[in-house]
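What follows is a pair of complexes built around chain A, which joins chain B in one and chain C in the other.
What follows is the complex of A and B.
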C-alpha cells in the first residue's frame, strides 16, 4: 500500500481533493457536451417551427454532413491547418528557437523569448486587429515593406495566411516546453557526442530526441488539439473567400449560428470530437510504447 | 574553425529572421495609438496622447477593464486551487483509468469550449440564473480551463520526489499541511505558469462573455473592443489601436512580474 501511495494521501482524501474540480468540469463541460450529442440527433433550429418544437431525426444530420462537399472541403482544410501550422510550423520553429537559445543567457535570449511570448499572451481580439493591419490590401505594413501595393494576402492566399498567422500566434508554447525539456539533456552527453564528431543532426537524433520523446508527444497532442479547434482565424478571414479558409470551427459557426441550423451544427461538433479522439488515441499509444521502453 | 564560424553566422541569421517575424505585426500596436491620424499602415506617428483622452470619454472603457480584471482573477484563482488539489491527488494515488480520464477531459475541454457547445452553455446559464453575472462567465471559463490545468500540473507533481512527503507524514503532518508546505513550494513555477495561462486566456476570451453577458456594463474589454465602430460601421482606428494597447498592457506586466519572481518555466521540482 505504501508503495502505491508514498505520501499517505489515501483513497478517500484523494477523492475529496479531486471532487471539486470534477464537479465544475462535469457541470460546465461534460453536461454541455452530452447536450450537444442530443442536439445533433434533432433538427433544432435557431428560428422557425423547428425552434419551438425540435424533432428527433436520428442520424440524418450525419448522413447529410458526410455527403456534403462543403463539409469534406472544410475537413481537408482543417487537416492542412493542423499539419501546417501546429505539427510542422509551431513544433519545428519552437524547437529550433529553444535549441538555438539553450545555455545562452543574455539579452538576445530575453528579447527573443519575450517577443515570441508576447505573440502568445496578447488577447486574441487585439492580435486579430494587428494582423489585419499587417496584411491589409491597400495600406498593410507588409505590402509597404515588400513594395507590393494592392496585394490582397487574405483574399488570394487565405490558407497560407492563417497558417503563418497561427505559427506566429502559438509557437511560444512549444518553445517553452522544449526549452524546459532540453534542460533534462545532460550537457556532458552532448559534449561527448560532439567530441566524437557527431553532426548537429546526429546529436539531435541520438542524444536529444530519445530524452525528450515524451515532451514531444505531449506537445504535439496539445497543440494539435488547440489548433484543430481554434476559432481565432475567424476574425481574419471569417472562412472566406468562398469558403477557402473555412476550417471546421468556422464552418460550425457559419452553419449553426449564422445559418441557424443548430442541430446540424451540433452533429458536426460531435464529428470533430470523434476525430480529436482518434488523434489522442494515436498519441496515447505512442506514449505508452515509450513508457514500456523506459520502465522495463 | 570554419564550421564554428558558419554555425555562428547561421544562428545569428536564424535569430534575426525570428525577431523580424515576431516583431513585424507588433509595430502597429506601438505606433498607431500615438498617431493623430492613424491608418492601417505602420508609420512614424504625428505624436499625440489625444487618442487616450478620447478613449477615456467612452463610458464603457474603464468599466470593461475592471470587468476583465474581475473575471480573469476569479477564474485564475478557481482554476489554480482546484487544479492543484486534483493534480496532487491524481499524481500520488493510483486510480484505475486515471490517464484515460485525463485525456478524455482534455479532449472535451478543447472541443466543447469552442463554438460547439455555445447553445447548451447558454441554456445552462439561463436555467442556473447565471446570465449577466460575472460568476457565470467565471464558472464557464474555469470549467473549460481546468482539464488542461490539471494535465499540466500533474506533470509537475509527478516530477517532485515523494520522500519529503513521507518524512513529513512520519512527523504527523496532515495531507493539507503536506500539500501547502511541501508540495506547493516545490511546484510553484507550475502554479505560476497555470495562473498566467488562465489569466491570459480569460483576458482574451471573446465568445463566452459575448454570449453570457447582455449588459454592456458587465462586458470585458475583449467584447468592448468590437463595439468601437463609428455609426457608419467603419472601425474607429484611433480608439481601437489605443484600447488594444491599453488592454494588452496588464497581461504583459503580469508576465514580466511572474517571470521575474518565479521563473516562468515548464519544469517542476527541485533544481538538479
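What follows is the complex of A and C.
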C-alpha cells in the first residue's frame, strides 16, 4: 500500500467507483453546457424555419446582444438587484439581526429566527402569492395599512419592490451564517475592547470583522451568485412593466421561451455563466490572499 | 480605592451569584478573590469591571459611584484568563490598542507601547503576532496592554491558570514584583489557594456568593473563621472532626484533649492541619491525647508524605517528613501539636486548642 493509495484500491477499481458519478456529471452538466455554447452560435428558434434547420451564425448573437439596449438595460437592472438586495440588503440586514440577537435570551431569539427562516424555506410560489396580496393595488395589505388605496407598487416601483422582496426572502441565510460566525468571536475580545472604551462601531471594526472576514467573503459570494441567477421575481412582475424589472434570468426567459429565440437566449446564458465565473474567481482570489496574510 | 456595598447579582433563573456583599479594597492593595468554581468570584470581578450589571447595590472606584457607568468609563483594565490578544494585530498594536481608542496620536502611543514592552522584556517581540508568542509572552503582552493605559485599577481573571506549572511559579513572582512597583490597586480572581496566599496582600474567601472571610494570607491561613475557609485554605485540606466538650475535656475521635478555658460544654468541630500533627508508629505510653488508626493511603508530596489514617468512621490526615512514611495497613498514632488546633461551634471559630 503506497502513500498515494491509502485505501489500497488500485487504480482500476478506484476509477470504477468514480465512473458512475463522472458519467452523470457529463450527461447532465457538461454536455448541456457545451450544447448551450453551440446553440449560442446558431439562429435556432422555437418555431418556424430556423427550428427545422438551424444555421450557424457565428458570434452574431453576441454582437446583437451587446448592441441591444434591452440587454444592457437588463444587465444594469441585475447589477442594481444584486447590489441592492444581496450585498446591501441581505448581507447587512442579516448581519445586523445576527449581531442584535447574539446575546438575547431564548424566546426573543428563537421567534425572530423562526420568522426570518420561514421566509426562506417557503416555496417561492407561495411567497410570491403572499407578496402579490401585500402589494395589490386594490385590496393589498400594504395599501390598507398605509391608507393609500389604489397605489400600484408593482407598476410604479417595480425594481424597489422586487429588491425589498428578495431581501425579505433571502436574509435568513446571511443571518444564520453570521450568527454562526459571531460564535467564533471570543467574548473576552469584545470585552477587552469595551473596557478600553470602544464604541460598537470600533468593536465591529477591530474585533469582529477581522475574525469573520472569511465568512463575509463566502457569504457575499454565495448570495450574489444566487441573486444574480434568481428567477423568483418573475412571479411578481414578469420583468415588467415595460422591462423595468427585467433582470437577466427573466430577460433570458422572455427572449428564449416567450420570444422563441433559443439561439439568442443560449448566447445570453453563456454570457451570464461567464459573469458568474468572474464573480467566483474574484472572491476566491480574495479568500486566498487573506489566507496568505493570516499564515505568514 | 474600591468599595462595594450591598452588591447583589441575580441571574435569570434565580441564581444569586453575588449575594448582598460589602467589601473595601484599599489603594495600591493586591487583593485576591478566592473560592471554588461557581462561588461568584468571577461575577464579582466582572461587576467591578462593568461587564455585569448588578441587580442591586453600589460600586465606587476612587470615591466615584460607577455602578451605572459603562466599562470604558471606569478607568479599569482587565487581563482575561485567555489573554484576549487580537490575533490580527502585532504586539505593538495590541499594547497600544486602549490608547488608540483614547485617540492618542500614533507616535505617542507607539512610544508608550515600546516603553511598557521594555519594562516587561518584550522589546524583541514588538513586531510579532500573538500566534508567534509562547504562553508566558502572551500573558506579558496582555499585562502590558493593561499597564500602558495607566488605569486606576487592574483586574485579573485567573491570571496564572493558563500557564504550565513551571512557568506559573516564575510568573507569580514576576506578577507580585510588578504590582509592588506599579502600586496600582489590583483585584484578581483565583481558585488556587496557594496562588492567593503567595500573591495577595489580603484575601476574600468566597462561597455561594458570600464572603466567608477577609484577611491577610496569614490570618486566613492560621485563623480561618469558619470550617469552610479552614477546609479550603492550605495545600492539604484541614482535618475537621466532630468533637464534644464535656466536663472540661475535649473528646475527639477517641482522643481526650485539654479544653481551652472559656468553652462551654456541647458539640464542636475540631480542626487540625495535617502539617500540625506528628505521626508515631509505636503506641505512645500512657497518653490519651493522640488519634490512633490504621494507615489507609500514603501520598507522595515530594519532600513529604500525606498519610491518611482510618480511625473508626473518621479519616485523619497527617503530613510526614520524607523517610518516615509508614507502611499501608500498619497501626499508627497521630499526635497533635499543642496550640495549633482550632475549635468551631455553629460554623464559627471559638478559639484555638
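One rule holds in what follows: the second predicted complex is superposed on the first by the 269 of 296 C-alpha atoms of A that agree within 3 Å, B and C clash if a C-alpha of one lies under 4 Å from a C-alpha of the other, contacts with A are read in each partner's own complex, and residues count from 1 in each chain.
Note that in this section contacts are C-beta pairs under 8 Å (C-beta built on N, C-alpha and C of every residue); 3 or more make two chains touch, one makes a residue touch a chain.
Not measured: the values here are computed from a predicted model.
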Subject >> Superposition on chain A - do chain B and chain C clash or fit >> reply: fit
Original post:
Touching A:252, do we find chain B (first), chain C (second), both, or neither?
Top reply: first
Original post:
In the superposed arrangement, which partner chain does A:129 touch: chain B (first), chain C (second), both, or neither?
Top reply: first
Subject >> Broader residue contact with chain A after superposition on the shared chain, chain B or chain C >> reply: B
**OP:** Considering only the touch criterion stated at the top, classify A:24 as touching first (chain B), second (chain C), both, or neither.
**Re:** first
Original post:
Hey, in the superposed model, what angle do you get at chain A between chain B and chain C, Cα centres, nearest 10 degrees?
Top reply: 80
**OP:** Applying the touch criterion given at the start, work out whether A:146 contacts chain B, chain C, both or neither, answering first, second, both or neither.
**Re:** neither
Original post:
Counting only touches as set out at the top, which of chain B and chain C does A:180 meet: first, second, both, neither?
Top reply: first
Original post:
chain B and chain C, closest CA-CA distance after overlay, in Å?
Top reply: 5
Subject >> Residues of chain B defined as touching chain A within the complex >> reply: 7, 11, 14-15, 18-19, 21-29, 32, 39-42, 78, 82-83, 85-86, 88-90, 92-95, 99-100, 103, 105-121, 123-124, 139-140, 142-144, 146-148, 150, 155, 162-163, 165-166, 169, 175, 178, 196, 200, 203-207, 221-222, 225-226, 240-241, 244, 247-248, 251-252, 255, 264-267
Subject >> Touch list for chain A against partner chain C, complex >> reply: 105, 186, 188-189, 191-198, 202, 206-207, 210-211, 294, 296
**OP:** Provide the residue numbers of chain A that touch chain B in the complex, in ascending order.
**Re:** 4-11, 13-15, 17-18, 20-22, 24-25, 27-33, 35-36, 39, 44, 93, 96-97, 100, 108, 111-112, 115-127, 129-134, 136, 138-142, 144-145, 168, 176-177, 179-181, 183-184, 200, 218, 222, 225-226, 228-229, 231, 249, 252-253, 256-257, 262, 265-266, 269, 272-273, 276-277, 280, 284
Original post:
In their complex, what parts of chain C are in touch with chain A?
Top reply: 12, 49-51, 70-73, 76-78, 80-82, 84, 86-88, 97-98, 101-102, 129, 145, 149
